[in-house]
Every structure is written in C-alpha cells, then in structure tokens.
Amino acid sequence: MRPSWDFGLGPGRLEALWNESAEVRGESPGQLAWKHVKASRAMRACLLLLALVGLTSLFAPLLPLPSPMALALETEPRPPRLFGSGQAWSAADYWELNPLDEKLLALRAKLFGEWQTPAWMGTDAKGRDMLARIVWGSRTSILVALAATLCSLLVGVSYGATAGYFGGRVDNWMMRVVDVLYSIPFIFLVIFLISVLNEYRSELSRLGVGPMTVFYVVIGLVYWLTMARVVRGQVLALRESEFIQAARAQGASFARILGVHLIPNTLSVVIVYLTLTVPSVMLFEAFLSFLGLGVAPPKVSWGLLAAESIEAINPIHTFWWLVVWPAAAMGSTLLALNVLGDGLRDALDPRHGKSNR
Amino acid sequence: MRRFLLRRTLWFALTLWAVITVSFFLMRSVRGGPFSSERSLHPAVEANLEARYHLDWPLWKQYLHYLGPLNLDEQGATWLGGSGEDLWGGVLTGELGPSFKYRDFTVNEIIAQSLPISLALGSVALLWAVLVGGSTGILSSLRPGGRLDLGLRLFATAGVALPNFVIAGALILLFGFQLELLPVAGWGSFSHLVLPGIALGAPFAAYISRLTRTGMLEALAQDHVRTARAKGLPEHLVLSRHTLRGALLPVVSYLGPAAAGILTGSLVIERIFAIPGTGSHFVNSALNRDYTLSMGVTILYTTLVYGLNFLVDLTYTLLDPRIRLEEA
Amino acid sequence: MPVVVAMRGVRSRRSSAALLLLGALALGAWSLVGKARLVRADFVMANGGEVTSLDPARVTGVPEGRVLYALFEGLVVKHPQTLEPLPGMARSWEISEDGRRYTFHLRPEARWSNGDPLFASDVEWSWRRLLHPDTAAEYAYQLWGVVAARAFSHHPRDRGLFLEQGLWVEARADTLRLGLQPPSPELLDGGPPLVLRCTPGESFERGDVLIQVGERELSAPFSGRCRAHNLPPPTGEGPVDPYAADWLLEWEASSDELEQARAQGRLLEGSELEQALWDRVGIRALDEHTLVVDLVHPTPYFLQLTGYYPLFPVHRRSLEEARRRNPKTWRRQWLAPENLVTNGPFALYERRINDRLRLRKNPYYWDADRVAMDTIDILAADNYGTLLNLYLTGEVDWIDRAPPNLVPRLLEREDFRPTPYLGVYFYRVNVTRPPLDDRRVRTALALSIDREAICEKIVKKGEQPNWGLVPHGMPGYRRAEMKHAPRKGGSPRVAFEADCERARALLAEAGFGPGGKELGEIELLYNTSEAHRDIAEVVADGWRRHLGVDARLVNQEWKVYLDTQVQLDYDVSRSSWIADYADPNNFLSVFVGSGENNRTGWSDPAYDEWIERAAREADPARRAELLRAAEEILVRELPILPIYTYVSTNLVKPRLGGFHENVQDDHLPKFLYWMDDEELERSRQARAAGSQVSPGGPDSGLYPPAAARGAER
C-alpha cells in the first residue's frame, strides 16, 4: 500500500475526522485539558499569571507607567520608591511605536491624564523605570517566543511524524537532513543572517520588515529540529503498536493514521517540548543580548534586561533591583509555562487517565 | 550490524562534507574579513597578507586547498606548479590550517589545548545534570501532583527559567564572596570547576528532570507495569526493571545533542568564569572571521553531534526492543 | 533485511556501565585539572584578550603591546611617567642637524635571553624583516619614514625586476610590466603629484615621454604598447593618486630587449633584487654596535617609534634555525615557549591559549639586577565582571577595565585612579550623503551632543568633553576647537542650551526644520558594545529633543561595522582613535583625502597641504602650528563630531610600585615592584596630600629603592 501524501481531504473532512475521534474518546483534548486545569489550583494560578503577563504586555501603552525609553540620566541606578510624584509625561517620551500603540497611548492620556506611577521597581542606570521596562520588554520576549514556537510546531511535528510514520528509507533520508542541519553550530547561522540583514536593512524596512521579524524566523527555523526528532522517535515507537497495525489493516489512509492515531498520541511529548521551547527561545534571546546582538534601543526585552543585570551582580555594590525584578518576571513566567505544560501533559495523555485514577 | 556501521560511517562522511561545504561558503560570504581592523591596512600590506593566507586565490581553489588532500600552495606538487616539498594538506589529512586570529597556533593546536578543558568541565556539568535531574525526575514522578513533586519541579525549573549568566552571577556572589568557599573564576584546580559546572549543568538538569518525570509517568501507565504490580513485584523492582528503561527513552534522545553542546563548552560560562575551553571559539571565531578556526570548531561539533547521535540510536535499540536498526 | 540487536544478557549491567562512564569522565577531568595547576606568579595582570601573536612584526593591538613590552626591548624605553625616551638597547644616540639622520650606539652588554650578544646587525635584520612583503606586517608603515623603505615593502616577490629611478619592472616571459604600484615616496619627493601621459592601448616609441614627476621626466624604458589597468580617471593627463593600489602600467617588450637588459645588469631577480632594493633603504649597521637611520623627512617622533613594539628586534638565529628545521611550521615554531629567544626583561616560560602567559625574568637582560618580579602571569580574561571578581579576590593585581555602573563606587577607592590618555571618542559623518553634505547640518549635529552628560552620567570616569580631534594633554600642542559656547565660569547647562539654540538656527539656515525641508531619519551606527550603545542613546536623544531630528540606532558586530564604514554605507558612525605615539600628526593624518582610515568621504586640499608641510618641518614649534592650522580646517568642516578624550581605567593594587599613570596608558613591567609597608605608607600620604608620587630610585629616578632581587610583597 502506497500511503498518500494528500492532506487535501476537503474542508469539512478533517474536522469530521476530528469529531469522530472525539466521539470515540468521549472528550476532545481541549475539553480534557480544560477540565484538568479547572481541577488543579496550581494550574489555575499559572494560567492566571500567564494571562496577566499577556494582557499587560499587550496593553502596555495603556498603563500609567513612565516611558521605558526616554532618558533621565543619573550617575547610578536608583532603588525602588513606593511613593513620590511621578513626573508628568508627554507623547514625546515615546517613539518608534506602531499605529495601534499610538492609539492606546492616546487613550491612556485620556484615562490617566499626566499621572504616572513612581519608580516602584527602581530605575536603571539611565533613569528609566524598571517596571515599565519589564512590561514593555515582555512584548518583545513573548512575541519572539510565540513566533518561534509556532514555527517549530508546524514544521517539526509534520516533518517528524512523516519521517517516523514511513520509517525505513524515507525516515533515514529525512533524519540525515536533520542531522546535517543539527551539526552546523547555530550561532554561525545567526551571525551570518544578522550580517546579511544588516546589509539589506534599508530595503527590508521599505518592505516593512523590521529586524525583529527576522529574529523570529531565524530562531523558529532552528527549534523545529528538536521537535522533529522527538516526534519522530515517538511515532517510530508507536507505529509498531497494535492499534496502528489494526488501523493499517483496516485500510486507513496515511493522513488518517497520522492525524487521528499518531499525532494525538504524540501530543503529550509535543506539549512538553513546546513548554520547553518557549523558555529556551526566551533564553536564547537572552544569550544574543549577552553577546550584544539582541534588540537595539528603543526596543527592550527581558533578555536584554537580564544581560544588563550581570553587571549589577557584583561584590562592590549590588543593584539588586536590576537583577531581582527582571529575573522574577522571567522566572515566574517560564515557571508557569512549565507547570502548565506538565499539567496539560497529564490531562492529554490518552493512556494516563486510565491507570492513575 | 556491520552494514549498519558502514552505512552510518558513509552518512557521517557525507554529512561532514555537506557541513564543511555549506559553512565554508557561508563564512566567506559574510561581510568583513579576518584582516579588517579599526586601522585599515595599506592596500599593499593587505595584498601581502592576503597572498600569505591565499585569500587572493579564487574561492574554488581555496576550497579545494582547504578540503585537501592535495596541497595547492607553492610547496605543493610539482605538476601543480609547486616545489613538491609538501604534497598533502587540508582537512582530509587532518590538518585544519593555521588560525587567522591566533597566528602562533594552528587550529589543531587550539582545539587540542582547549577541548580537554571543555570536556572536563562538560563532564562535570553532565554528571551533575544527570544525577540531579534524573533523581528529582524519578522522585517527583512517584506521586504526581504531590507536595514533593511540586517542590522538586520548582527547583528543577529554576535552571530553565533563568539565563545561565544570571545563575552564574548569583553562584559567584554566594559561594565566591559571601561564603568564600570556591574560586570566583579561573582555571587550575578542581575547585575551579564546581561553580561553572553547576551553572553549565543547571538548564540540562532541569530538562532531564522534566523528561524523566514525563517518561516515568508514561511508563508507569503501561500495561506491563500494571501487570508487574498486580503480580506483587516490590515497587523498587517495578521501577528499576519495568519502568526506568522505557522512561529513559526521551532522556537519552535528548542527551545526545545536549552532550555535544555541553562538552564543546559554552561561551557564556567560559567568559564569566575565564575558562579557556572551546566554547568561546564558536562565537568568537565567527565574529573575528577566523575562517579556519571557525571551520575547525564546526567540524569538531559535527563530529561530536554525529557520534553522540549514533550512540543515542544505538542506545534506543538497546532500551526499547521494539525499535530496530534498519537499513536505509 | 533489518538487523535486530538483542543483547539481553548485558542489560542489567548497562546502567552501571553508564554510571561508570560518567565517573570516568569526571576522573579524567580531575586528572586534567591537576596538571594545570600553577603556583601564583609574583605579579598577575589581566590583558583583556588573548594575544594575536608574540611576533613583534605581526601584531597591532594594546594587549599584544603589553606582552611584547615585557618580552622585548627596543632601542629606547619609555619613561614610565613622562614617556620620554630612555636608553634601552641603545646606550646613546645622535640626531643630525637637519633631523634626518639618527645614529644609535648599542649597548655592548646587550644580550638575548639565550646569552647571545645583540648586535646592530640584528636590529637591521629585524627591521628589514618588518618591511619585507613576505612578513606581511600590518605595521610595516611605521618605518616608511625611512628612505626607500616604502618601496622595499612593496617590491614584488620572486619576480624579475628592472631598476631605474625607483621603478620596477616585472618580467614575465616576453612581457615587461612597469609597475608604479604605487611609486616610492622619493620618486614623488619635492614635486606635485604624478602626471601620466599615457593613453591605454596606444603604441609609443622607445623614449617617448611617459611619466612626468615634478620637473623630472621619466621615459619609457622600452618601445612597445602601453596597457593600463584600473587607471583612475582621467586616464590621460591630470594628477593621479599615487597611493591608489590597483593601477598598473604595462609595457610589452620583446624578449630581445629583455635579454639586453639582463646583459646590462639592469635586470635583477630573486634575492639579488631584494638585496639591491635593501641597499637603497636608509637603515645600516655600521659596525657591531652602531646603527644609522636616514629619514625622508625630519620626523620628531622617530625616537619614540624605536621604542614602539613593531620595531623591536627579533632573534635572527632562532628564526633561521626554525625555518631550516621545518619549512612548513617555522613561522609558528620559533614563537613556542621552548624556542622563543627575546631581549627584554622577561622571557616566555609557558603559554596556554585563552588562559595565560607565564613569563620569567630574563637573567641575561642588561638591567636584570633592577627587575624586581621573578614571574609574571598575563591573563587573557576579558569580561568586566570576571576581572573585577578576580581582582577583588586577589587573584589579579592589575585590571584595565571596570563596569561603568560601578565607577562612582570605585572612585571612592584608593586603587582606582583614572587619568586622561591620548585617545579620542568621536563620530564619523558620511559627508557624501545629503543632508550631511551640508556643513551647517554637521555643525548643528555636533553642537547638540550633550558632552557633559555623556562624560558625567555615562562614562563617569572623569573624561573631558572634546571639541576637536586631537585629545587633551597632547604634549607641545595647542588644540584647535570648534566654535561653541564657553563652559568656563558659567553653568555647562546654560552653555549647552546656547549651543542648541545656535544648532537650530544653523539648521533653519540650511533650510531644514519647521517650515523648511524634512531632514529625514539619520542612521547612527555603532559596533556591538553596551558602552557604545549607551552613548549613542544619549546622542540620539539630544538630536531628537533639541533639533527634532530622528536618529535610528543601528548595531553591527565589529567586522560588519568596519566594512560598513569603509564602504561609506552609513550616515553617522561611532569611532575612536588611540595614539601610537604622542604626536598630533598621529590623529590629524588620518583625515587626509587619500588616507585609508579617513572613511568619511571628506577631503580638503588645503588640509592635506598643511599636513604635508608639517611633515617637512623640522622645527617642533612651527610644526605644531602647521598641524594646528590643519585641525582648524577640520573643526570648521566637521567630517567628525568630537565627543570626549579617553581616560585610563586601571584598578591596581596600592602596594604596586613603579606603576605611574601616563598619557599613553603604557606600563612597562620592567619598572614594577612591590612596596614594603613603610613605602606604601609614604605613598599613601603623598597621594592624600594630592601629589603624584614621584618615582624614587637611583640616578634617573626610575627604580625602586628596594628593587633588589626578589623584593617581598
């Protein structure tokens, strides 16, 4: 039997397949996951935290925070202050914003007027509010992470599952390609791409492609490799199992076996890897910032804040607020992602529910 | 088995060739050269330098010269116009060429000096990661959702939740300055390895812990484990005989590439702790446009990754009889 | 057929095998580390990076310089405080009336670290090596002030050569190529730029006037056809840039004529040719201990140069031996610790790449009795935080950098005393791009940089705002400054506001700003570094706030940044320049029209002329005035936006004696020693009293009172 590569099942067909599988199992993975999240207090807390982070980063311009980019030079970073009059701000304190953010900023002016928060988390060496920088920094970090993860998910899962399903020669060739890509140190690719993009920076900006967009693509293009390997390993193990044999014996198509039987069964591992990918993308961004190849001002990211904080950890005088707050923001977000990922794994594993409860 | 090995070796050669070729032309197409500096060279001096390193040759000739095994320079074979003093050279003969940046060394010498250091640090980190990650993973899988599980997971996650330079900084401040237990940086004694080892291994420990936990839970849910339990097998035997092996699959598949990364060193850790390993060369050679050195470390990395992946595949078949080593 | 691997019997042992493997790895690590242990050196310094090479002819950087100053010694040595030349390998010297002939008398007692005596011929040979094209020395040009040295640097290797009036001809089968690639300086000496009368492809007869150099006319050596490659337009008459490298004139000559030339002895080849060329170079060892150098122009800084590391002598015998032993690896072999022979206060003992260099006192050094340290370690670590940690734990005695955030705290310490040195931080402007081709726009940009804020709030070590190219503290030179509101007396804030006011007026005058044209976005290029980024942020902020000019920051990694600058693919670009020797010419000659480091697209014949005239001037005072006239043009035209003069950032153990702050931040290990308690106390008191500690010691006042062998810390 020559398996078909044809995913073109028609618009309704895949959905029907999905529904069918949901009926068989009684509950869709989504429902299962939701049930699980509702049941666990830790997971509810994590979800809440992530939602909070997501919302604040999305609506950062709306918040009455000092500008994360305008300079107010000081000789040293200043420790947190609970009270004190936040100085008045003006639209001139913000630049290089997209139109939506400009609207949000205008809305903020209407809502809060000139009022802004005092430096609750202290200021950095250039007098900028740490809280504002963390909130605005989350935008870059989250965007990079999401884009890269999505990229790795789409490419990695389909590639890995296909390789694993066919096995043999196809698998061998496909995995060797992954091996070659794996064996090129990633940093080469990054440096190469960054330099190429620098050369064409004016052309790119005319097309509306910012340097950040490229970042996402580059990072995503690398992280699919691990995903592909993992999914392939799972599928390889699964395809020998009885229920796949049975499905094949019944004459199920390639797409059906892959979509209905194999991929759902790899979901638990995929989710674990996803929740690992998001953190590692964020950490990679931090690494680039450490090398100085990260975002350029006025943009700010968590990685940049973390990289700037190394200097603050020193035996002469520790500017703890430069370390603690960014680390706390980054740490708690990644922690929540991890806990959520683990929980989802428990919920989604088709075999898990039977044995442990 | 022999045919499998043969095939793998062939594949390895092919991969290596592909990697060398891709990186060679990638490197040469990046802007800036090994000799560009803040003080521009006089054109004549630059020409002299380029001639000395054969950068004035056409690219294909540089590539062939680099790849070997024929030495194409003025000491090469007489039928190629050389003096015939030195017929062979290039990667195929194991010569990775002189470094552009560190002019007193060949790439072989640089790797020979720095790799053992990275290997030493890497094994310490790996040992720490496997021991801590594995044990916490197993422990927390025994009672998922329990307090121990949660605590251990929090602990393990710290490694992936923070950049390792932050962790390193905190470790230095705590153990180097507050407790004055360990040296803050440098290279020369085993105590110099502890802090960088922990910092380097922390993210890996976290991954391993999570993978072990996931794998354990999965394995514990398997029918044969239930059977074993039903048989009344003591719990530790159930774990060691029936679950651990299956649970280790994802860990092993992760360990392959992770070990390659960890053994070749890390720029961040090496810089913060002033350790003369290979890790810094990966980034610096590319930034310095040290063509030969960056090609050298790429080849090293490829070899390690390939070798370790091969080990992983081998281990897979040993751990899970359902998977076979198939011929392509 | 699938191969099934089944090894059931081994399974139980497998996990223990894995553990064993890891254990073995750890054990290996242990044993490896054990071998790496070294006893702490008497003095440990951090060098900020692994050195490129130990070959004086093959390096250009500050870290390399520090190592070479310990290993080698030039004809003179810099005074640790004033940097005046002191006797080194040369015991004494004479300078001729016109300032163009230097006669050095070498020390009869000078020795190499293997005991060999050091002769004047060693110096001649080393300098010849520096100039030789095979060496491909980046700093070969440091000697180009010597008669005919430049031509020697350019001579074609392994090719035939015809010598006439300093031109060479490359012989290839039956073609002769007359190379003017580029011509030697003495060919151009005393005349206006070269005029070529040659139309490519045109035939001419032997003896046709082809090249006119000043008053002289050189004739074509042979009849034939002229072919020109890459001749700069116009290819007919008109001045041609003699320094452009890629143009070439060719003659086709018959083999008869070639034979004839050979018979007449006009055609030299290989080593014969090299020797013939060298014979014309103004460097000659008269006897074992006398070296004579002839310069093209009186060069007041030449004496300083002979103490600069590219001009250090190298040991001929060990190089030649290494070459004989292994023709393939000798270029590296002679530098290995077991082979390297040096003539400085220290010799190389061990070298670990990216880790450290261990040096040991050279017992044969002529002044060995007064070298205090027995061993020196030079670390390659470069991370700010790491170095500070090592310093604070006492692992390192001297570090040369500090995290900017901590500067205010460090300034409270006694061991951190930044002092100005000869380096400038500035921005280059690409004057070929509108609107930056307008001098008024450039001036406006220069005026609205808040230099005080950058110095006080960003770099913080006491850097001084700069309004010209030459740094503060240049000895014997009065700096030219661009026009700006006076800072003295009044508040810098008020003055800066006044400057911004003038900047806005200038922009309006140029037709930009409110009611005028849109200035557009200016791209501010900097290379990857937190420090550069911070300064760029302040500059961009000033332009945005005070001029309403949008500046976008562009961060590029080092090599790309350099390329972008060379290609003039930028608007404004961060730059800096550090002095090789204490002379304003070192800075000003960068911006002559043909200079390869110009990188702004700016050129001004008047400027070039002042520089040229200064080069010929023997009188130091008049020379300084000529250079100042050039700088006046520069600060009026502003192809650069000056920002500040550098200061050094040394953190040094207070007990370290012989370490003096100086304008080049040079600290020769030869003079270093550890003070005893009494002396430390005295130096502390002196410092508290606000005076620079005067170097105590014998005659020249350079040596420690107790610099006897093995002075204790």
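As written, the chain order gives the labels A, B and C, with residue 1 at the start of each chain.
FYI, contacts are C-beta pairs under 8 Å (C-beta built on N, C-alpha and C of every residue); 3 or more make two chains touch, one makes a residue touch a chain.
Keep in mind that what you see is a predicted model, and the values were worked out from it rather than measured.
Asks: Comparing centres built from CA atoms, which chain ends up most distant from subunit C?
Replies: So the chain farthest away from subunit C turns out to be A.
Asks: Could you let me know which interface, A-C or B-C, is made of more C-beta pairs in contact?
Replies: B-C
Asks: Could you state the distance in Å from the CA-based centre of subunit A to that of subunit B?
Replies: Subunit A and subunit B have C-alpha centres separated by 24 Å.
Asks: In angstrom, rounded to a whole number, how far apart do the mean CA points of subunit B and subunit C lie?
Replies: Chain centres of subunit B and subunit C, defined by C-alpha means, are spaced 37 Å apart.
Asks: Measure off the straight-line distance from the CA centroid of subunit A to the CA centroid of subunit C, and report it in whole Å.
Replies: So the centroids are 46 Å from each other.
Asks: Among the residues of subunit B, which ones contact at least 2 other chains?
Replies: Counting only residues that touch two or more other chains, subunit B contributes 30-32, 169, 172, 176-177, 272, 287, 326.
Asks: If you look at subunit C, which of its residues touch at least two other chains?
Replies: Subunit C, residues with two or more chain partners: 385, 389, 392, 557, 560, 564.
Asks: Give me the residues of subunit A that touch two or more other chains.
Replies: Within subunit A, the residues that touch at least two other chains are 191, 195, 198-199, 291, 310, 313-315.
Asks: What part of subunit C is in contact with subunit A in the complex they form?
Replies: Interface residues on subunit C, with respect to subunit A: 384-385, 388-389, 392, 403-406, 408-410, 453, 456-458, 460, 528-530, 533-534, 536-538, 541, 544-545, 550, 552-557, 560, 564.
Asks: Taking the complex as given, what residues does subunit B use to touch subunit C?
Replies: For this pair, the touching residues of subunit B are 1, 3-4, 30-33, 35-45, 47-49, 51-52, 75, 85-86, 98, 101-106, 109-110, 113-114, 116-117, 119-121, 123-124, 126-127, 130, 169, 172, 176-177, 183-190, 192-193, 244, 271-274, 276-277, 280, 287-289, 314, 317-318, 321, 324-327.
Asks: Report the residues of subunit B in contact with subunit A in the complex, numbered from low to high.
Replies: Contacts found on subunit B: 11, 14-16, 18-19, 22-23, 26-27, 29-32, 144-145, 150, 153-154, 157-158, 160-166, 169-170, 172-173, 176-177, 203, 207, 210-211, 213-214, 217-218, 220-222, 226, 249-250, 253, 257, 267-268, 272, 282-283, 286-287, 294, 297-298, 301-302, 305-306, 309, 316, 320, 322-323, 326, 328.
Asks: State the interface residues of subunit C toward subunit B in the complex, per the touch definition above.
Replies: That would be residues 1-7, 11, 14-15, 22-23, 25-26, 28-30, 32-34, 36-38, 50, 52-55, 58, 60, 133-138, 140-141, 153-154, 181-182, 243-246, 327-329, 332, 335-336, 352-355, 379-383, 385-386, 389-390, 392-393, 395, 557-560, 562-564, 566, 576, 596-597, 599 of subunit C.
Asks: Could you please specify the touching residues of subunit A with respect to subunit B in the complex?
Replies: On the subunit A side, the touching residues are 40, 42, 167-169, 171-173, 176, 179-180, 182-185, 187-189, 191-192, 195-196, 198-199, 226, 229-230, 233, 236-237, 240, 268-269, 272, 276, 279-280, 283, 286-287, 290-291, 303, 306-307, 309-310, 313-315, 318, 323, 327, 330-332, 334-335, 338-339, 342, 345-346, 349, 351-352, 354-356.
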